[in-house]
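Here the chain labels run A, B, C, D and E in written order, and each chain numbers its own residues starting at 1.
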Amino acid sequence: QTPLKATVSHWWTSGGESAAVKQFADAYNKAGGQWVDQAIAGADQARAITINRIVGGNAPVAAQFNTSLQFRDFVEQGLLNNVDDVAAAGKWEQIMPPSILQAIKINGHFYAAPVDIHMPAWFFYSKAAYKKAGITAEPQTWAEFLQQLAKLKAAGVVPLAFGGQVWQEKITFDAIFAMVGGADLYLKVYRDRDQQAVMSPAFRQVLVEFKKLKGFVDAGSPGRNWNDATAMVVQGKAGVQIMGDWAKGEFAAARQVAGKDYGCFPGFGPKAPYIVAGDAFVFPKTNDANAVKAQKLLANVMTSPAAQVAFAARKGAIPIRGDVDESQLDLCARLGLAIMKDKSRQLPNTEMLASPDTTGALQDVLTKYWNKNQSPEDAQKAFSRAIRDE
Amino acid sequence: MDHLIDHDRIAAAPRPRRSLAWTPARIGVYAFLIVAALFFLLPLYVMLVTSVKPMEEIRLGTLFALPHNLTLEPWRQAWSSACTGLECDGIRGGFWNSVAIVVPSTVLSIAIGAVNGYALSFWRPRGAGVLFAVLMMGAFIPAQVMIYPLVRMLAAASLFSSLPGIIIIHTIFGMPVMTLLFRNYYAALPLELFKAARIDGGGFWRIFLQLMLPMSTPVIVVAAIMQVTGIWNDFLLGLVFAGSEHLPMTVQLNNIINTTTGERLYNVNMAATILTSIVPLALYFISGRWFVRGIASGAVKG
Amino acid sequence: MSNVAIRDLQIQLGGNKVIESLSLDVKAGEFVVLLGPSGCGKSTLLHSIAGLIDSAGGQIEIGGKDMTWADPKDRGIALVFQSYALYPTMNVEANMSFGLRISGTPKAEIARRVSRASEMLQLGPLLKRKPANLSGGQRQRVAIGRAIVREAQVMLFDEPLSNLDAKLRTELRRELKQLHKQLGATMIYVTHDQVEAMTLAQRMAVMKGGVVQQFDTPDIVYNEPANLFVAGFLGSPGMNLFNGTVERRDGGVIFSNQHLSVDVSGYAFKHALTGRQACVLGVRPEDIDIGAGLACASVSLIEAMGAQRLVWLDFHGTQVAALVQDQSRIETESVIGFSVRPQRVSLFDSVSELRM
Amino acid sequence: MSNVAIRDLQIQLGGNKVIESLSLDVKAGEFVVLLGPSGCGKSTLLHSIAGLIDSAGGQIEIGGKDMTWADPKDRGIALVFQSYALYPTMNVEANMSFGLRISGTPKAEIARRVSRASEMLQLGPLLKRKPANLSGGQRQRVAIGRAIVREAQVMLFDEPLSNLDAKLRTELRRELKQLHKQLGATMIYVTHDQVEAMTLAQRMAVMKGGVVQQFDTPDIVYNEPANLFVAGFLGSPGMNLFNGTVERRDGGVIFSNQHLSVDVSGYAFKHALTGRQACVLGVRPEDIDIGAGLACASVSLIEAMGAQRLVWLDFHGTQVAALVQDQSRIETESVIGFSVRPQRVSLFDSVSELRM
Amino acid sequence: MTRKRQSVSFAAYIAMIPMALTVLLAYLGTMLWTARVSVSSSRTFPSGDFVGASQYIRLFNNERWLLSLQNVAVYGLLFIVACLVIGFLLAVFIDQKVMAEGALRTVFLYPYAMSFVATGLVWQWILNPELGVQQVLRQLGWADAQFDWIVDQDMAIYTIVIATVWQASGLVMALMLSGLRGVDEEIWKAARIDGIPRWRVYVSIVLPMLKPSLSTAFVLLFVMVVKVFDAVVAMTQGGPGTASEVPAKFIMDYLFGRANIGLASAASIVLLLTVLAIVAPLYFVRSRRAASGA
């Protein structure tokens, strides 16, 4: 019997990511398949290639997307196969967090296999820098956090390691939004597109607080890559960075250990919201029976507990399911996995709630507000327009 | 008195080659060139230095400093073990694919551009002017906008995901500029040469191949510089149209450099970038002797 | 052996009407020389015969076929460019053989023709040089060679010898004449050298401003110019011209003005002379005898020209040139008598400027 | 008013030794004409005087100063290029005035010079045209104009009139002479036109293969050529040459060979003749009298040349040219007698080829 | 117009076939396709509906788009002028029979061979006030050296100019050099006789003779301007804020990241029309001048 050949397109190209994706490949090969890797760096790029390959009649067996609305158009065009039977067999409905399910289950069918959960708004801090500034505990409130930033500043370190690129600005904003505005407001604005909520004083306050961070970033921040910002924390040049959990890879590369050299917390206090994002694979439509079999096998293998934990450990993410062997995971991931058990703390990130177009428009609004002298009121108006604009 | 001055002059006159004398003007020339060269080399210096530093040193952010612990590991890694997805074979993997794409694409696009330019400046077939105008407009459409319809066309012609497919695509995208380049070059040649060749009974192809092409070396060099560089460095079109068996080297390069959320190894990135550029750089260096002087010399009084 | 017939040719270049309406009939195998002042349209005419310039009107017939719109290569012509137009990337040999190679002439035949031309033009040692490394005259010879090897039915030469020394020029002149005999090709030849024109031409056309002024044998053109322009243009210097009147008197015909009077009784008038008529008398320098005569003039300049001398006389304010063959002593500033040979004069109507 | 002195000049081009060792002394204000076969190095010489070609040895002195390595612009020269070398993107006016504008000549002065040159060269209506839209002769005139307006101390002309018609050529010749007088500039002038050479030159240099063969007044060069080459090169055609021996006999000096014998008693030998010596006798076509004489030859060709005719005689296998002035009847193929004017011959040593 | 020559070789028409096919299918085809998509509500995939000018309306209500146009105008002007000037100067200076001509040529040309993905990063570092030139100057004791354009709202676009000029002027140099080498030696000689200073020869004689090369270079640079993308993404990502946004990046964002090819197509069409509006008059003037033969 020839192995089930599966071309898999994804954008995991760095060393750590390669190690992670290898877990999937090994698992798949062991399960009787043959993994053909198609790595393409850059998420936008990779998705564009996938689109074109599908159009040109040369689709991969599986293609990576973010767990979001990105592939909604594919479904509407009837370009994807569903994996309903795998989902049913694997009891996805029960084991997966609702925000993920919401993204992959469209019109009652499962069109994607989620493979990891990223929390894009962790707070990483340098223990050395905190020591230097005389801070001993993680902040429990937003106000406390601001005070700590001020202390760090006084101690001569850059308080907030910040990469001034739109997507990083957006992550930071969403973190603040979730913390300061609360989950309700967050959902009202992002999910329900509630104009009133956007124009509310509470939202205005979120904007104001967000902008306060501007006082704690250094002059070199605009355009900085996230990993350069992380490097500042690694070296103790900066105090805190708000970044996705993939940043742990940089700490690891510098041989720093969570809890020892640096700390991580997902928000302020025990009830802080936990923003959920992640990656998923979709399965382009094909009539080739073998390919369909391969797709199902892939969906099954990639969501299996063993592969999940092996993958997440190397990727810096957390598994999509709780029933895994946590010992392989690091401190932060274990913390995340624990939080995931509390469904009330989960918040979907914007990509899951709004179309890529709208998300982009929001980024435009935020970057302007962050970088220019725009009043919060004007930003509110722009925000409301961007949300309305479909 | 006159006598003496004459002797002085003779003594002072640099005997062998006047043109190499160190006049103030010449010193100025060299000063300008050296300053310009330094400016141009600055980024390369940073790239080179970065490529031989370990990551710890790079994180320090001392950009211009020479490496403390010089390491060639990044180069080795870039060449043979950097990961792009599952494979960790460095950038060497696509080298021959790139060659297989670049050589025919460059030759074909230059050939077609030269023929077009030649026909446009000397023969002016009816309607060619309009075609050329539209072609030039086409140069301004972002290539990415064109990809989708082109994919469908090539798929319809069963050329999608094949070597001929990507060669055709590069030829299409190169055509406006190549045509323009050659058209303008030929427009500057004396028309009498063309007339003489017509009298000699030269037809369209003869005149082109035996008279115009030999006179085109400088512009062919420029065209080759542009096409080889452009096609060698392209990865988007290669990625979309070449099919997975023919992925060019730059796909690996891009995969190594362009990671979004994985860790970034700047030293490997720089080494990989420099390594990938070796082929065009070699071309630049070699091309020099083809910039000959005085093409029109002796052809026409004017 | 093709004739060349041009009818009502019109040519515009960059907005200028260079040739307005030109007709010229060159018989098959004839050797025709074009003469005319610089910029009168000679090169333009040759180029349009060759099909290199589109005509704005009229017709060009070569070998009995209408070739007005034919391709240059189908006209059976060869052309020596005034500007040489050598192929800069080819050596002399390749420059000459290019056309033959294109037409697929056998190698041996090419070699034969090239070696013959290069011998005739003394290009032997230069065969492997590129045009940029040649002197002006050498380039010109290569240009001639390129035309010669084609052995075309109609050969067009645009001032082919202007950069050559007298010796070579004389030789080549002879060789071209020889070639003409041998090939029997029709030749149209532009030159400014009147000796060349006289010796080569079976007929010569004198042009001015895109219009043919006279087209006849050299003898007739020289001795019986059709109009004042031709009279003044040909010869170096041209005819001496005297304004005056001509009338029947004392049983003869007399030309006279204030200072001069010539008995032109033997003159062959085209139309019978009626009454007294304003006219211009023209006489060539060689037809003025110096030393004796009724008219007196002072010598203003003597130009030695090797075998002979050109004496410029100041005759009541007009300069009169006289060609003196003998070695007799003449001094500048001296006053001297001269006479006009009456049987050698030409008369032109003052108004129409045409020969009477 | 600068002299030009060239000493032992050596020039190499592309590996060829074009000029091996050339010396030439041109006095201040002199008008010197360079003559020589195509490719003998005339243009090369002019270019090296102008400083456009680096010499491989020797010295060039202009106006008393060593200019061997001076910049062209510092040499006080103007040069008309054989290939014109007009600036293709500038119109005629700009071509002429560019150098002046650069040197900061006042506007009025520029206008004056340009208008004078363009009048002299009849370029008036063409001032706004670009070179590409001019005829060959018009381009040449622009090239002359560009040199003239510079009013330089030394003016170099490389075949400046080769593309012009005879009439214009005569006029310009006169104008250049005039200009020379007026400016007093030193002029070195390359031409192939012997009439031009004869009429313009104060002295002329005849070159061959990069070596000056004779440098003297036109009269002397024409009548007493220094060697066989000059004898054959000058004149069109050149001297008729007869091999033979010369010896003192019967109280006189006699040149003789199998068929011809000439009494050259009056000949001014440079060195006294000793015994019998092999030599070459040269005589110009115009010094051969036809119709009477001891020698008989058959007429092989008659070339009409307007005022005179060139009769080619077949004299025992050698072609002898005779210039005939009168209108007497001569027919080809007929046998005719001729004689050589003994007072006009030149004698050359058979071995050294130098004038005896 | 006079009658056209009828004898244009048949081969000339054959030779134009590849160009004709390319133009008709690839260029005209995609232009029409793009125009069609721009009046539909297409998102990730083209859809066949018709929504009139609504994408265009949305486009022109988009601040970022308007800013992009403005930026690209400023950028384009500076970039083209700088590249032409520097490229020409480099070509001229290299043409002075200098030593190591080949090496110098390569030095000026090498940036063109390097992917901006990496060199853009290097430029980002060099220009970064905390890492690059400013920092070095300060360490050298020039305490208030200020060179922070890349993080400055008003100056960021100029840093893109610097980096792209660095990349492209070598190419202009090569183009100019190929033109320069086609200038007849005799012209130089004539100018030397006329006593024209070398720089003046270049400006007044050679430069006009290089018009074809110049116009090639100009079009090339213009295309680069319209398509400028890599450099912006690699150096500033359009920032700080939207200070260095450019149309090509806008189009790319909407084409892929934001999955709205309708809007992206509308933007492409607008861009194309803008280019036409700039180029057409130039073209018209030129062809008029050529026709009048002056």
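Here is the rule we go by: a contact is a pair of C-beta atoms (placed from the backbone, for glycine too) under 8 Å apart; a residue touches a chain by one contact, two chains touch by 3 or more.
All values reported here derive from a predicted model rather than from experimental measurement.
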Figure out the least number of contact steps between chain A and chain C, where 1 means they touch directly.
-> 2
In this assembly, which chains make contact with chain B and also with chain D?
-> C, E
Chain-centre distance (mean CA atoms) for chain A and chain D, in whole Å, is 93
Chain centre separation in whole Å, for chain E relative to chain B (CA means) = 15
Approximate Å spacing (C-alpha centroids) for the pair chain A, chain E | 37
Compute the distance, rounded to whole Å, between the mean C-alpha positions of chain D and chain E.
-> 58
Shared interface positions of chain C, touching two or more other chains = 13-14, 51, 71, 83, 132-134
Mark out which residues of chain E touch at least two other chains, giving numbers and ranges.
-> 9, 121, 130-131, 184-186, 209, 211, 252, 255-256, 293-294
Of all the residues in chain B, which ones touch at least 2 other chains?
-> 19, 61, 144, 148, 203, 254, 257-258, 294-297, 301-302
Which chain B residues qualify as touching chain E in the complex?
-> 19-20, 25-26, 29-30, 32-33, 36-37, 39-44, 46-47, 50, 61, 63-64, 112, 115-116, 119, 123-126, 128, 131-146, 148-150, 153, 171-172, 175-177, 179-181, 184-185, 187-189, 203-205, 218-219, 221-222, 225-226, 229, 232-233, 250, 253-254, 257-258, 266, 269-270, 272-274, 276-277, 280-281, 284-285, 288-289, 291-297, 302
Which of the residues in chain D end up touching chain C in this complex?
-> 13-14, 35-39, 42-44, 82-83, 133-138, 140-141, 158-159, 162-170, 192-195, 198-199, 218-219, 222, 232-238, 284-286, 303-308, 310, 323, 325
Using the touch definition up top, name the residues of chain D that touch chain E in the complex.
-> 47, 50-52, 71-74, 77-79, 81, 83, 85-90, 98-99, 102-103, 130, 133, 146, 150
The residues of chain E that touch chain B in their complex are 4, 8-9, 11-13, 15-16, 18-20, 22-23, 25-31, 33-34, 46, 86, 89-90, 93-94, 96-98, 101-115, 117-119, 121-123, 125-126, 130-132, 135-136, 166, 170-171, 174-175, 177-179, 181-186, 198, 209, 211-213, 215-216, 219-220, 222-223, 226-227, 229, 248, 251-252, 255-256, 261, 264-265, 268, 271-272, 275-276, 279, 283
Chain B - residues contacting chain A, complex = 55-56, 59-61, 82-88, 144, 147-148, 151-152, 154-155, 160-161, 236, 239-240, 243-244, 251, 254-265
